[in-house]
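Look for subunit A in each of the two complexes below; its partner is subunit B in the first and subunit C in the second.
Right after this comes the complex of A and B.
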């Protein structure tokens, strides 16, 4: 483990929470997308978290292994005034629920805060170590 | 005197590892299937101190026995945050103890006690 290991571990946690917040922001921004019925709808994105495990030792934080894309089937709606509407007046919209995105956002935010709190703890401890012998 | 310094030195390093485990558990609060880690050293250190001919203390990393939630993760954020605070205070206390020992040495060798 590197010097000041806790700082990099908490940093990886903050990064992961930030990635999650970014995907949620993207999902909410694209909630009202409209696509043609012969095209795929926007699929809600979610990060895939993986622990940086070290066997027999304290782990080294978290990594975002990738971004998982949700169902692109979406919902077919009747909206004849849309420029994307087909001959029957149908369009495809994303199946993204605002409520679940908001719940995820609260979780991601709490995650972020918990990691910054751990970061502050580690900083205080390391600062006290720097007073040794003074 | 030497025993105190080496015991404190060991404990400071061990608490730093506890803090790393707490940071790691908090970083993985939303990782599916993640099992939290516990770091313990207190019993081992006590045994080493009590041993008549001096013993060797070890730091043990073990899995958190808490039951997992529906996503297979068993980290409780609140517990970890409390642990983080506790470890920081413990760390600071031990650093202060080490400094007190160093001041004693400095004072008794002609330097300043403060």
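Right after this comes the complex of A and C.
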């Protein structure tokens, strides 16, 4: 829709922020995963954002180009009570820090709010254009 | 001397059907605009139904609903302006 272009641009931004929030939620949910030492650990996921041109319109939307998976080496730690522990009592846990994930989440939330705010302002601007001459 | 090949016939551009100059006058313009509003609202309804069924995204539905609302407001504002112009002419004193 070229008439209300900034609405679809902000919409793509909201969608991208939603994807970011989803990956962070997944990272936090899998933070306590335990795997065997001969297996890969959970790698923290992060979306890759790319500009996405919307045909017939000035200004690019944003698109998620892909999901980048972090280091699956993880951290080997001693936990002999775990059912996943090997002969030495070692397990592999993901190298996901809750603090950095929470900071990322603040960023993603601000991203989401910024896009919805831009969308609301664009709507107000369009509506004020309709009051021209009255 | 090389004679260049005759280029293929290009199809005629499609006749514009919307706008005040389409030949139908004011009523035709309003009709076309309202048709488009209806189409946008149908798109919004579909998106809302999908979101409610858990198949689409809620943000997408909200944005389509906002677009439909704005387009309705634009059309109503333009129709009101046009009707006001007609009323002014009709009330002309001779």
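Criterion: the second predicted complex is superposed on the first by the 121 of 134 C-alpha atoms of A that agree within 3 Å, B and C clash if a C-alpha of one lies under 4 Å from a C-alpha of the other, contacts with A are read in each partner's own complex, and residues count from 1 in each chain.
Assume a contact is a pair of C-beta atoms (placed from the backbone, for glycine too) under 8 Å apart; a residue touches a chain by one contact, two chains touch by 3 or more.
Quantities reported herein were computed from a predicted structural model and do not represent experimental measurements.
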Request  = Would you mind checking which one, subunit B or subunit C, touches more residues on subunit A?
outcome  = B
Ask   = So, A:51: does it touch subunit B (first), subunit C (second), both, or neither?
value = first
Message = Just checking: does A:27 make contact with subunit B only, subunit C only, both, or neither of them? Give me first, second, both or neither.
response = neither
Message = After the superposition on A, what does A:125 contact: first (subunit B), second (subunit C), both or neither?
response = first
Request  = Name the contact category of A:18: first (subunit B only), second (subunit C only), both, or neither.
outcome  = second
Inquiry  = Quick check on my understanding: which residues of subunit A belong to both its subunit B contact set and its subunit C contact set?
reply    = 1, 10, 119, 133
Complex contacts: residues of subunit A adjacent to subunit B = 1, 5-6, 9-10, 12-13, 16, 20, 49-51, 56-62, 107-108, 110-111, 114-115, 117-119, 121-122, 124-125, 128-129, 131-134
Request  = Using the touch definition up top, name the residues of subunit A that touch subunit C in the complex.
outcome  = 1, 3-4, 7-8, 10-11, 14-15, 18, 119, 123, 126-127, 130, 133
Ask   = Taking the complex as given, what residues does subunit B use to touch subunit A?
value = 12, 15-17, 19-24, 26-32, 34, 37, 39, 61, 77, 80-81, 84-85, 87-88, 91-92, 95-96, 98-99, 102
Remark   = Touching subunit A in the complex, subunit C uses residues 40, 57, 59-60, 63, 66-67, 70-71, 73-74, 77, 81
